[in-house]
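By written order: A, B, C and D. Residues from 1 in each chain.
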Amino acid sequence: MSEEKTHIVPYKTQIVVLIVLLILTALSVAVTQLEFGSYNTLVAMLLAGAKSVLVLAFFMHLKYEKKLFPVMVAAVMVIFLLVLFVTFFDYSYR
Amino acid sequence: MTDNTRQKQPSFLEYQGRYKGILGWILSTDHKRIGLLYLYTMLFFFSVAAILGILMKTQLLAPGETIMGPQTYNSFFTLHGIIMIFIIVVPGLPAVFGNFFLPIMIGAKDVAFPRLNLLSWWVYIIGILIVLTSQFTGGGPPDTGWTFYAPYSFQTPTNVLPAVFGAFVMGFSSILTGINFVVTIHRLRAPGMSWLKMPLFPWTLYGTAWIQILATPVIGITLLLIVAERMLGIGFFDPALGGDPILYQHLFWIYSHPAVYIMILPAMGVISEIIPVFSKKSIFGYRAIVLSTMAIAFVGYFVWGHHMFTSGMSGRALFTFSFLTFLVAIPSAIKVFNWVATMHKGSLHLHTPFFWAVSFLFVFMVGGLTGLVLGALATNVHLHDTHFVVAHFHFIVFGGTGFAFMGAIHYWFPKMFGRMYDAKWANLGWGIFFIGFLSLYLPMFYLGMMGMPRRYYDYLPEFHGPNILSSLGAWVMISGILIIFANLIRSARSGPRTSEKNPWGGKTLEWQVDTPPTLENYDEIPRVDETPYDYRDYTGIDNPNN
Amino acid sequence: MYPLGASTFVPGVENAFVFILGIAFFFLIGITAVIIYFLFKYNKKRHPKPAHIEGNNTLEVIWTVIPLLLVMGMFYYGYVAWIPMKRIPDEGIHITANARMWSFSFTYEDGRVTDKLYVPKDTAIILNLNARDVLHSLYIPAFRVKEDMVPGLTDNRMWFQANNTGTFTIFCAEYCGLQHALMYTDLVVMEPEEFWEWYADTTALAPVIPEDANLALLGRQVVESKGCIACHSLDGTVVIGPSFLGKFGDPVRVITAGEEREILYDEEYVRRSIYDPDYDITVGFRPGQMLSYEGEVSEEEVSLIIEFLRSLNE
Amino acid sequence: MTIHRDDLGDKFGMWLFIFTELLLFGMLFVVYAVYRSMHPEAFRIAAEELDVALGTINTVLLLISSLTVAMSITAIQKGNKQRALQLLGVTLLIAIIFLVNKYFEWGAKFEYGFYPGSEVLQELGFGTILFFGLYFFMTGIHALHILIGIGLFIYVIVQMKNDKIHQTDYVWLENTGLYWHLVDLIWIFLFPLFYLIH
C-alpha cells in the first residue's frame, strides 16, 4: 500500500543537518574543557539531546512521517525517563 | 494461491500447502496453525511443570525429607517457575488465542508479518530447548528460583547459564509477537472498524503487545548481564567488585512486574468476550474497560519496587512504590465492577465457558485483594517471601490467567477444531478443579501469615496442618485437570463434528466466519459499522444448538 | 490466628491487616453474593429477554472514586505502621547480625558471638545486618519484622523492641541456596535483669573446658552450631563440601595455587581449611564456596573440631 | 496466499523494534547512572584514561555515515541507483573503519591491563572497576550492533544490485537506514558519558 505519498528529503537539508551535528559535537568536546561543576553533565546531555532530535527528525524522517511516529517516540522516551527517575527514588535517598 | 473466484476455500485444518504432514504445520505461516502450535507446545510443558508442582506439594506433605532432598526441591521450583512464567503464561494467551483470533476478530486475513510470526514460534522453541539443556548438562539443574537473584545466581555451581540464556532467547519471541500484533492492529483493521469498535480481546492484546515491546528488552539485557557476570566477572552485581545486588532486583522487576500484566491483560480480554456473549447483553462500560486496560499497561510500568520492600531500598522509594501499587489496583477494580454489571439484567446462559468466567471473577478477586495486602508497607514486611505471596500469585496467575485460558479454550473450541466437546464432563472437571484449587491455595495464605517462608523444602512442625490440606488439594485439582484435558483431547480428535458458525450466539467477527475458519478467514473483508457487543436483536429464542 | 505478637510493631501491623482484610472481605463477599444472586435471578429461564444497557457514567465514576479512597486508606494504614520500623533509634543495644550459608551468628558489643539471639525485653535492639556470601533475610514472624541482609551493603539496619519474653523463631526468608530451609535459629527474649546477668557472665565468652570433658563431643557441638554440617556431612555423602567422615590422617589431593598435589589431612590442614579455605582446594570442589571463618571460629574451637574429626576415624 | 505490500506497516514494525533497542540500551544507561551517582570521582578519573581524540573521530565517522545512508535513500527515491550504491559503499566503509578504531582502542586498554577481572583494575577500586565494566559492556554491545548493521548493509547492497530494491520498493533500505541511525543515536549518548566526563 503505497498510497501514502513519500517525502523526499533534499540532499542539501541533510548536509546542513550534518554540519550542525558536527558543530554540536565540537561544542560538547570544547565545553568539557570549561568548568561548570555539576552542570557539566547537564550541558553534555542537553547537547546530546539536541543532536538526537536532529537525527530523529531529519535522518530518520520523523519530521515527515505520520504524526503517530513522533508521538510514539516521545512516549517511549517519557517512559524511559520516568523509569530512570523512579529508580533514583531509591539511590538518591539510601 | 487464490484465484479470486468465489469457490470455497478449504478449512485451515485441511488445507494442503507446499508441505505435507507435520511440516505443513511447523513451517506454516498461517496464524491459526501457529496458534495451535503454541497451544500444543504449552500443553506439553504445562503438564511437565504441573507434575513438578504436584511433586513439590507431596514433598511438603510432612516436615522433613519425604520424597526429595533440598537440591531436588530447589531445582524443581526453579524449573517450575521458569516453565510456568516464561514458557506458559507470558506467551500464553496472546500466542495461542491472540494468534488464532486476533486477525479474525479485526477482519484481517493474517497478521501483518506472517513469516515473522512463524519465526517467533521457532525462536520460542529454541529458547525452550536451551532452557532444557540446563537440566541435563554442566553442574546440574539450576537452583536459583525463577528470579535469578544476584549474587547467588552467579555463585551457584549449578547450570544457570543455559536457563538464563534460554529465557533471554524466549524474550525475543515475545518481542516479535508484540511487534506483530501492534502493527496488525494499527494497519489491518477491517474498514469501518474504528478504535472504539474493536472488540475487547484485541484491545487487551494491544496493551499487552506494548508492554511486551517496552518491557521485554529490560529482562533481555538483565539476563545478559547475569551471563556476563558469570562468564567474565564484570562486577555489576557483585559486591566484591563494588556492584550492587539490589540493582539487579530493580532491573529484574522493571520487566517482571509489567510482565504480570502481560499475563493478566489478555485474560481480562477473554473474560470481557465471554461475559457479554453468555449474558446476551452488551458489555457494560466499553470505554471504561478500554481505558483501564491502557491505564494498567502504563501505570504497571512504575510499580516494580513492591517486590523489594524489604530489600534495603531507601524509605522514600518504598513510599513511592507502595503508593503507585495502590493506584494500579484501581483499573482492575473498575473492570471487575463492569463485568458484574454486564450480568445485571442479562439473560444468563450457563455453559462451561461461563462457569470458567465466573470462577475467574472469584479467584481474581481473591488474588487481587491479597495483592493489596502485599502492597501495603507494614503488612508486606511481614508477608514478603512467605507462602502468602505464593498463594497470591497462584491465585492471580494460575487463577487469573489459567482460568481465563480454560474459559477461552472451552469458548473457542468449536471454532478452532470444528468439533464439540462433551459439556457434562467439562462441567464436572471444572467443579473438581475449582474445589481442588481452593483447598490447594487457600491454606497457603494462612501459612504465610503464620510466617512460613517460601522456597522451603522443609518446615517446622507448627506449619504441618495447613500443608496437609494444601497437598491434598493438589491431588484433587489434578484429578479435575485430567478430566478436563482428557475430554478436550478426545473431543479434538473424535468429538462430534460441527460446522455451526455461531454456537454461542456471539457478535464478534470470529463467529461470522466458517467453522473451522478457512485458510484466509474471509473471502471478502467485511465492513464493520457496529459496536462489537450489540445484543438488541436478541429475541430471547435460543439458537437451536445452544 | 497468627503467631502471637511480641513486639511493639505488632499493633500497628495488626491494624493495617484488619483494615485491608476488612475491606477485602467486604468486597469479596459482597461481589460474590451479587454474582450468585444474578446467576439465579437473570438465569435465561427466569429472564429470557436481556435489557440493553451500554454503560453508565455516573456509576463508572462512583466505582472509580470509592475504591480510590479506600486504597488510599489502605496505603495510609500500611504506611503509618511501617514508619516506626524505619525510624531506628540510637539508644539501645547494638548487635551485629551475620548471615552466611546457612547460619546466623550475632556479635554483641563486647565481642561475644552467639548462634542464637539473646535480647532483653522492653529495650530497643538495633541489628546491624551483614551477609558474607549471598542475600539472606532476617525474619521474625512474631515481631512482624523482616529485612534482607545484602552483602556489600553498609549501614543496613533494622530494629525492634520485644514486649514479651519467650523463645521465638528467626527464619532466613531470602532464598540462599541448598539449605535455605534449614537456616533458622532462636530468638530468646529475657527479662532485662536476666539478660544483663547473662551478658555479664563472661564464661560464655571464653568457655573454660573442664579437664575431663569429652573434647570430641564438644567439637561436634561446635561443628553443629557453626553450621559446618550444612556443607559437610558426617556420613560420607557429599553435600556442598567433602564429607568429614573418615578422612583425618589420610592423604588428600588438593589444588594449591593451580597445582595439584597430595598432602596430609592433618591438624595443620584442617586449621588452614577453616581460616583460609581457598588456599588448598580439595580436588572436585570449587573455590569460593567455603568462606573463611577467621574471627568466627576461635583457635580453641578449631582444636575441638580437630578432636571431633579425629574421633570420626575411629 | 496473497501477500500485501505495506511499506508503512514494515516501517512501523521497524520503529517498534527500535523502541526495544532503545530500552535495552536505556537500562544500561540506568546502570551507568546509578554507579556514576555512587562513584562520581572515580568515574571522572577513569574517564581520563579514555582517548577523547579517538572517541571524537568515531563520533564524526558515525555522523557522516548517518548522512550517507540518509542520502542514499534520497538517491534511490530519485531513481539514482548508482549514487545510492556509492553512498552505501561509503557507509559500509565507515562502519568498518569504526570497528577498526574500536579494535585499537580496546587493544590499548587491554595492554594497560584495563579489562574486566584484571589485576590492575582490582587495585584501582570499585568505581574504576565499574566504569570499565560499563565501558566494555556498553561499547561492546554497541559494536555488536555495528556488526549487525554491516551485515544488513551488505544484504541491501546485494539486493540493490539485483534490482530487488529500487525506486518504488526500498523499504529494506529505509529500515536498514533506521537501524543505522539508531546505532548512531546510541553513540551520541555513549560518547559524552564515557569520554567527556569532567
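Here is the rule we use: contacts are C-beta pairs under 8 Å (C-beta built on N, C-alpha and C of every residue); 3 or more make two chains touch, one makes a residue touch a chain.
Since we're looking at a predicted model, the values are computed, not measured.
Novice: Report the chain whose CA-based centre is farthest from the CA-based centre of chain A.
Specialist: Max centre-to-centre separation from chain A belongs to C.
Novice: Need the central chain here, defined by C-alpha centroid distance to the all-chain C-alpha centroid.
Specialist: Located nearest the centre of all protein C-alpha atoms is chain B.
Novice: State, to the nearest whole Å, the distance from the C-alpha centre of chain A to the C-alpha centre of chain B.
Specialist: About 37 Å separates the centre of chain A from that of chain B.
Novice: Find the geometric centre of each of chain A and chain D from their Cα atoms only, then give the gap between the two centres in Å, rounded to an integer.
Specialist: Whole-Å distance between the two chain centres: 15.
Novice: Whole-Å distance, chain B centre to chain C centre, using C-alpha means?
Specialist: Between these chains, centre-to-centre, one finds 33 Å.
Novice: Do you know which chain C residues sit against two or more other chains?
Specialist: none
Novice: Which positions in chain A touch two or more other chains at once?
Specialist: In chain A, 76, 83, 87, 91-92 touch at least two other chains.
Novice: What positions in chain B touch 2 or more of the other chains?
Specialist: 186, 214, 242-244, 246, 250, 254, 315 - these are the residues of chain B that touch more than one other chain.
Novice: For chain C, which residues count as touching chain B in their complex?
Specialist: Residues 1-3, 9, 12-13, 16-17, 20-21, 24, 27-28, 31-32, 34-35, 38-39, 42-44, 47-56, 59-60, 63-64, 67-68, 71-72, 74-75, 77-82, 85-86, 133-135, 137, 139, 141-142, 144-148, 150-153, 156, 169, 171-182, 184, 286, 288-289.
Novice: Which of the residues in chain A end up touching chain D in this complex?
Specialist: 1-2, 4, 6, 8-11, 14-15, 17-18, 21-22, 25, 28-29, 32-33, 35, 40-41, 44-45, 47-48, 51-52, 55-56, 58-61, 65-66, 69, 72-73, 76-77, 80, 83-84, 87-88, 91-92
Novice: So in the complex, which bits of chain D are touching chain A?
Specialist: Contacts found on chain D: 4-9, 11, 15, 19, 22-23, 26, 29-30, 33-34, 37-38, 52, 56, 59-60, 63-64, 66-67, 69-71, 73-74, 77-78, 168, 174, 177-178, 181, 184-185, 188-189, 191-193, 196-198.
Novice: Can you list the residues on chain A that touch chain B in the complex?
Specialist: Those in contact with chain B are residues 68, 76, 79, 82-83, 86-87, 89-94.
Novice: Would you tell me which residues of chain D are touching chain B in their complex?
Specialist: 1-3, 6, 8-9, 12-13, 16-17, 19-21, 23-28, 30-31, 34-35, 38-39, 116-117, 125-127, 129-130, 133-134, 136-137
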